[in-house]
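What follows is a pair of complexes built around chain A, which joins chain B in one and chain C in the other.
Take a look at the complex of A and B:
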């Protein structure tokens, strides 16, 4: 029976994530707005730090994840903006989908958007900041773990802020301090990969995975009461 | 302290109708005031400057007598917020929500004081107002996190919805505090030699007594502030709950006084 429950949660998650991706396919908001935004941030960093290759090269891991963080904010807002119009939240609650499934689906949707952004940013920093990626395994593992954490915490805080008039200004101050450990961990792991000193990088990667699991667990339990109120 | 669920009761805790003070809180307030005077004498005059060891703080140790107690009180405050949040989710009574809100607010004030005293200490010890010291950094993040909690409370109008969402956030935020703390600590320890270790000499005698006295006093100040802030929060919740009824009753009374025209308004008011 427990297996059946898990199966139905995963099926619901797939349905919700599929719905979000279909919406994206039809509206192309990520491709037409999120990607240009992320690349714009890279250009702005170069303006702020002087386009001196050395500084940009050294700061690449941090700038990369900062750009991801800002893009994630937009992705979360987008993910819940599509739910709050026309009383879709009520429809979602009435649909009989498991709230844990809705949470995992929303998080998976955000995560897939982020992975696309990260690939673009990866190409961006390689070309524009002149950094040559190394330690591919650690880079990919870090990106996956950090993205899972960002998406899980994002879906949780996104639904918390979703129903509010002030959601656009409230979400950053609620969510950014929470993911500060992710920014630290992902930056350190990337720095280790670039410097080919992957030993400490894997430790950070483990921390990212633990963070992601923790927020996935919190979201699975807390999403139902939060969805009721949004 | 009054039980959050029972509200103002008779005796020591009978709250004055025009304020948030009761006989009990006045007694506590007097004790706090007298203790503060004694504490200042102890901390500023009686206790000797720190001289033992290579990293002795000298006269600067006196800042620690304030810094450690306020830091301790802010952790206590956020613990109370988390506990009351959990209790709210379990019991669903307004009192726990008031307690969580009041404690978060007092906690934010203590956190600001912790940052300020830490920064002042840092300025004289390190020569800069801010260092990326793990504790200072994680306290700053905690400060923003609880400002966010208070901002969420202000953003939601419906009291039940606000209480529920704030309770969930209060619990999650408390889980976050150690995560942020350890990640920042780990981050700093990997990158630089521990040049900025907070001097933590073995303290004894009068210095230790002053510090412990300060910590107890910090808890008392917290309790006194909480008595008043909790009663204020409780009163606000009552006003919020009664506000609509009072407004309706006033409007009806007005309508009745107006006579005929008022009658139709009254009927409309009832239907809506």
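Take a look at the complex of A and C:
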């Protein structure tokens, strides 16, 4: 991709992400729905598993990322619901925005929402499950890599499902199996961060970064035909 | 000068139904052409085909020098389409919508401000979320975006619909201004008295075909 084209893609990505953040500022969906939902999942896990916190402590990494995964589904649905009403998809096609820029902008918007959710969940597991990480650097790196992967795969599958009448029910069926490797990797890396076994954790973190890169690359090239069909 | 729109036996399908069944149409630069015809005749499909949003599956179709059958995407940033849907984000304000779509098209912030002023959206309305607007105000906002983007070909589907008397006069003036600035206008309307007064000529669309009628007013 030429330097000018990259600049144009990044400009469009900033424009789309900025628009999505402005929509969030107006509607407060993350604060009023996504955060309460994610924290509610943590509470329900606590009810279901063990009130004495032993199992909860051991299962914290997996429970954390399951809560993130469920929250991501809501974030993806919200991100593309606003693009499918009143001819907005046609307006996007006519806009002159580079589809790769639209993809990166949508992914960035989803990622920012998720990072807010993850911070809240981090506080939540510390307070409710009584766990605290001993490898904060690995924890942050894992969160960033996994979030990038979730957002990239989410934006890709979000536009894939956007044009379908059954998108709300189809999206989880399509997307959850795809991000299963990410769930495993993020859980293992978090487990290492909580247990001071950071050596294997960094390998998992690398895998997450590779996953994110792969889906970012697929999205950059596949978003346009998917947008055409939506 | 090359035609802005040149369709020859153009066919477009909506599903398996031929919404356009062999359209011949020429639109010269600087013309204002009215598409008239009954509901379901294919006017909207013809406008959307000109915008590169509906595939032309047979015949020849060229808009602004772009071969729509080969790849319709290059024509999209060059046209401004006002359809039945407005393409606006309900939760953003009027100003935010106009600014976003204007910048998306590579135009300047000043173009957005000027267009909002022209459409009477620069006062209190600018900061009102689109969800709270009336149908006519939404229409004005969508029109402001078309104006701000300065397209070379205006494609307007029932542009007078939902507007008050002032708004309808404004639409006519905008079309005249666009042509004066070098653009071309193709629009569909059922309000024939008003539309024929502003159009240079009209084309009857019926049964998925188009038949040109003699010029109403010579192109100046």
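Criterion: the second predicted complex is superposed on the first by the 229 of 230 C-alpha atoms of A that agree within 3 Å, B and C clash if a C-alpha of one lies under 4 Å from a C-alpha of the other, contacts with A are read in each partner's own complex, and residues count from 1 in each chain.
The definition used in the following text is that a contact is a pair of C-beta atoms (placed from the backbone, for glycine too) under 8 Å apart; a residue touches a chain by one contact, two chains touch by 3 or more.
These figures come from a predicted structure and were not determined experimentally.
**Student:** Which partner chains sit in contact with A:93 here, chain B, chain C, both or neither? Use first/second/both/neither.
**Tutor:** The second partner, chain C, only.
**Student:** Considering only touches as defined above, state whether A:160 meets chain B (first), chain C (second), both or neither.
**Tutor:** first
**Student:** Which chain, chain B or chain C, is in touch with more residues of chain A?
**Tutor:** The larger set of chain A residues in touch belongs to B.
**Student:** Which partner does A:170 reach: the first (chain B), the second (chain C), both, or neither?
**Tutor:** first
**Student:** Under the stated touch criterion, which partner chain does A:26 make contact with: chain B (first), chain C (second), both, or neither?
**Tutor:** In the superposition, A:26 touches chain C alone.
**Student:** Based on the superposed arrangement, let me know which partner A:74 touches: chain B (first), chain C (second), both, or neither?
**Tutor:** neither
**Student:** So which positions on chain A get touched by both chain B and chain C?
**Tutor:** None.
**Student:** Report the residues of chain A in contact with chain C in the complex, numbered from low to high.
**Tutor:** Checking each residue of chain A against chain C gives 12, 15, 19, 22-23, 26-27, 82, 85-88, 90-91, 93-97.
**Student:** Along chain C, where are the residues that touch chain A in the complex?
**Tutor:** Answer in residue numbers: 51-53, 76-77, 79, 81, 83-92, 96, 100-101, 103-106, 129.
**Student:** In the complex, go through chain A and note every residue touching chain B.
**Tutor:** Going by the criterion above, the answer is residues 156, 160-161, 164-166, 170, 173-174, 176-178, 180-181, 184-185, 188, 200, 207, 211, 214, 218, 222, 225-226, 228-229.
**Student:** Using the touch definition up top, name the residues of chain B that touch chain A in the complex.
**Tutor:** So the residues of chain B touching chain A come out as 89, 141-142, 144-145, 147-148, 151-152, 155-156, 161, 164-165, 168-169, 172, 175-176, 179-180, 183-184, 186-187, 190.
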